[in-house]
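Contents: one structure, followed by commentary.
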Amino acid sequence: MTGRPLSRLSRFNVASLALGLAFLYLPIVILVIYSFNASRLVTVWGGWSLRWYSEFFNDRAMLDAAWMSLRVAAVSATLATGLGTLAAVALSRGERFKGRTLFSGMLYAPLVMPEVITGLSLLLLFVALNAERGFWTVTIAHTTLTMCFVTVVVQSRLGKLDRSLEEAAMDLGCDPLRAFVSVTLPLILPSIVAGWMLAFTLSLDDVVIASFTTGPGSATLPIRIYSEVRLGVKPQINAICTLVLALIAVVIVAASLATKLTSTRGESAAPL
Amino acid sequence: MAEELATSEPPSEPLAAPARPAPVADDIPLLRIDAVVKQFGGFRAVDRLSLDIGAGEFFALLGPSGCGKTTLLRMLAGFETPDEGQILLDGWDIGKLLPHERPVNMMFQNYALFPHLSVRDNIAFGLKRAGMAASDIVARVAEMVALVKLDGLEKRKPDQLSGGQKQRVALARALARRPRILLLDEPLAALDKKLRESTQAELMALQRRLGTTFIVVTHDQDEAMTMADRIGVMDKGRLEQVATPRQLYEAPASRWVAEFVGDINLFEGQIEPRDSRLAMAPRLTVTTRDAGTVYVAEPRQPVTRTSVCVAIRPEKVKLSRYGPAPNTDNAQAINRLEGVVTDVSYLGGTTTYRVKLDSGAVLRSSMANTARIDIDAYSPTHRVVAWFTPDDCLVLEQ
Amino acid sequence: MSARRIFAGPVRLAAIAPYLWMALFFLVPFGFVLKISLSQTAVAQPPYLPVFDLTEGLAAIKAAFAAFSLDNYRLLVSDNLYVLSYLRSFVVAAVSTSILLLIGYPVAYAMARLPQRWQGIAMMLVIVPFWTSFLIRIYAWINILQHDGLLNQILLALHIVPAPVVWLSTDTAMYIGIVYSYLPFMILPLYATLAKMDPALPEAASDLGASPQATFWLVTFPLSLPGVGAGCLLCFIPILGEFVIPDLLAGSDSMMIGQTLWLEFFTNKDWPVASAVAVVLLVLLVAPLALYDRLQRRQLEAAR
């Protein structure tokens, strides 16, 4: 690695980097600190306390919503990872097949499509199909959105993979499917894991699409947080948010450890 | 062990791909490429190319980049399929088979070692696919590791190996299945010069020991000349010439081959009608614009055109201040050209001179530095006589 | 037949499941949006007319087609509310994207100049907030920006302002929220192009006598334009349809189009108008989406 010397960074560079990162992290740090505030008034410091956490664990409705969100996130992330990986393989290894342009268009568009449109269109579909709205409709909606992210993550890894590795496997007696399973799959596994993580956190985060596609009595955690937040800041929400952040942190750490174990030395385990 | 390998039978049963018919006759070459065409879009990468390669041969495909040599190699491996023509292995058409169905293995240019597998697992990869028994695999891997001298590195991952070691693993992996033909795509391109030379010698020794047919693709003519029994020179999807290294250098089939392989002086001219006074000597008289009259030994094949090109390798051109001494056996060195030395390049083993002839054309001469102190060295502005025998030059028609 | 063709069979099989999924859950729903945007509002369940009833045969479907109308679209053009919403969305998206570029570029530039070892860490630091919940990060800002929040406390303590400033429910708060949420989307594509750039190019420029400023504007910046384009589109398009941030942080006097759609759908229960709003937004997005798709494809092709 030929890093350029640090001295080439100007003061302006250092300042912009520091300010940029502070801007990204300070609000989150403040939120976490305030979640341990004993005072009911959110802005007055009343000493350290776990009061708001215990309140959350006694709030039946919030706990139900959290459980619902976790199930939706786990199931949709798993579905999305399977479908997204298949799509990435089709896009990066397929020659032109019929409707390839439409296929890639359908996979890239949801990445930037306003969520209100995606949510509305899926709801109208579910209504037309007369599907009962709840766990499965939200899960399907989240799978649709997140599999596109998985596709992009896995496809970029596949694109960087040396094609001659697959050729070597076939040269040594693998049929194309076997070559994929024994050589390609182990090498793209880190990106598949990263794709799952991304899908999981995106699902855990979504308010808009879930609001459209869920039914009465099956609100997800973000929907509940959102409706509470609209009414103003509550210390309990700080605690819930901190717990969600902790969960996401655990997922990221676990997945990057798994990535490190499965990837070969020297390969970066960056999740995107 | 070497003998064992050399005498070992062709691939044992599990390794042999689908049943193939027995050779029909003895005169069928191991590999016959018959009028093969490969197009990419409108571009003909390989253009009606035919070639026979015999069992146990070390064959090199040489050519500039984009000449189609790699495409040809990939068609032999099965990564590309010919649009037209046949590829026959022992008389059996393998042109449409998938790579894993062919008893042919390839050593990739960048080695393509599986980064997630150890050296041992890389070498065993093809054996496992062939359904070999576990104990046989262990034995074969050990044999291969010893063959390419990788002992002690079996457990390493590819990124813990040096460039030379990676090259050996790639070689062992490709040879482990005992292929009928080993294809090598620029096998030494990633190695530095010193390592390349020793590896060339090792590859040759290995090939001789195993008796496996090697087909190597390279753009490096020294490499091809050093290693190969025969060389096929390719340009624009066609074979320009297939010959031994010596033939290729001393008797190039065309002007293109003569210029591509090594260095050469070329003079265009017209063949004169036979002169009765010289009727005894089997030679042609060519009148060139730049080098005057040049006498050339009569080629074996009769020349059909009168407009030709006279070619002389620089090391065949001798320089002296006064021309060849009349009392030496150079008496027949009747080609004499006069000029002025313009450039001298000292290259260690040889020195090359550029001589500006009186006609204005430039002639290159290369002379071996056989003595440490050369009293005969020429410097720019020296007037010299350049001379060469009719046997040292040839006429090229194209 | 070429090397790729070897994979063609298995690849076609791999494409089937995701293809069908996206066709059913992404493409077909747009058909429903289009259809319902042509329907009439009704006090019913579902709240629109006509409803296809296949049991009543062809005649019913014909009747349904006859009942389609462009009334909802006429409403969008005639009522100022919608036109202003679209306009405001474009202005907010354009202003936010400009601010994002101004903040994101220096950060990405500094990242690309870090020693290699640090670049990976810096990239992780930029990506991690993208993984943490978007809603939570907006909520964190409400904490800071509220009347007696941290920002006002600091400003008061430093005697910069005499009395608490109203931050929440203002455009300022909304812009802070948008910039905060979308910053990683701007930084990452910029960083990717800047880091890929051959360091010899700016070096050659300064060797040829260009000052650091001239080097930046004549060499570095023009070469980073693909990243600038990707970053801007990656931010501009989703901001255009943003709902949560303006809803939580901006005032209620003017709405972005996402809010209007939400309002029509959830509060007014006017599904046909909401659908028409979505169709028009989609049409407006076609050009930037196509541009984004081209950039995306070129990048993936280059990565190949």
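The letters A, B and C name the chains in turn, as written, and every chain counts its residues from 1.
The criterion applied here is as follows: a residue touches a chain if its C-beta (ideal position, glycine included) is under 8 Å from a C-beta of that chain, and two chains touch if they have at least 3 such contacts.
Since we're looking at a predicted model, the values are computed, not measured.
Traced through touching neighbours, the fewest hops from chain A to chain C number 1. Farthest chain from chain A, judged by C-alpha centroids: B.
Centre-to-centre spacing of chain A and chain C amounts to 16 Å, using the average Cα coordinate of each chain. The centroid of the Cα atoms in chain A and the matching centroid in chain B are 55 Å apart. Chain B and chain C have centres, each the mean of its CA atoms, that are 58 Å apart. Counting partners per residue, chain A has 167, 170, 176 as the residues that reach two or more other chains. Listed for chain B are residues 79, 98-99, each touching two or more other chains.
Residue numbers of chain C whose C-beta contacts span two or more other chains: 2-3, 5-6. Across the complex, chain A meets chain C through its residues 1-6, 8-9, 12-14, 16-17, 20-21, 23-25, 27-28, 30-31, 34, 41-43, 82-84, 86-87, 89-90, 92-95, 97, 99, 103-110, 112-118, 120-122, 124-125, 127-128, 140-141, 143-144, 147, 151, 155-156, 159-160, 167, 170, 176-177, 180, 197-198, 201, 204-205, 207-208, 211-212, 222, 225-226, 229-230, 233, 237-238, 241, 244-245, 248, 252, 268, 270-272.
Contacts from chain C toward chain A in the complex involve residues 2-12, 14-15, 17-19, 21-23, 25-30, 32-33, 36, 46, 52, 103-104, 106-107, 109-111, 113-118, 120, 122-137, 139-144, 146, 148-150, 153, 180, 183-184, 187-188, 199, 233-234, 237-238, 240-244, 247-248, 258, 261-262, 265-266, 271, 274-275, 278, 281-282, 285, 289, 292-293, 296-297, 300, 303-304.
Residues of chain B touching chain A in their complex: 77-79, 98-100, 104-106, 108-110, 112-116, 125-126, 129-130, 157, 159-160, 173-174, 177. Interface of chain A with chain B (complex): residues 162, 164-165, 167-176, 178-179, 182-183, 186-187, 264-267.
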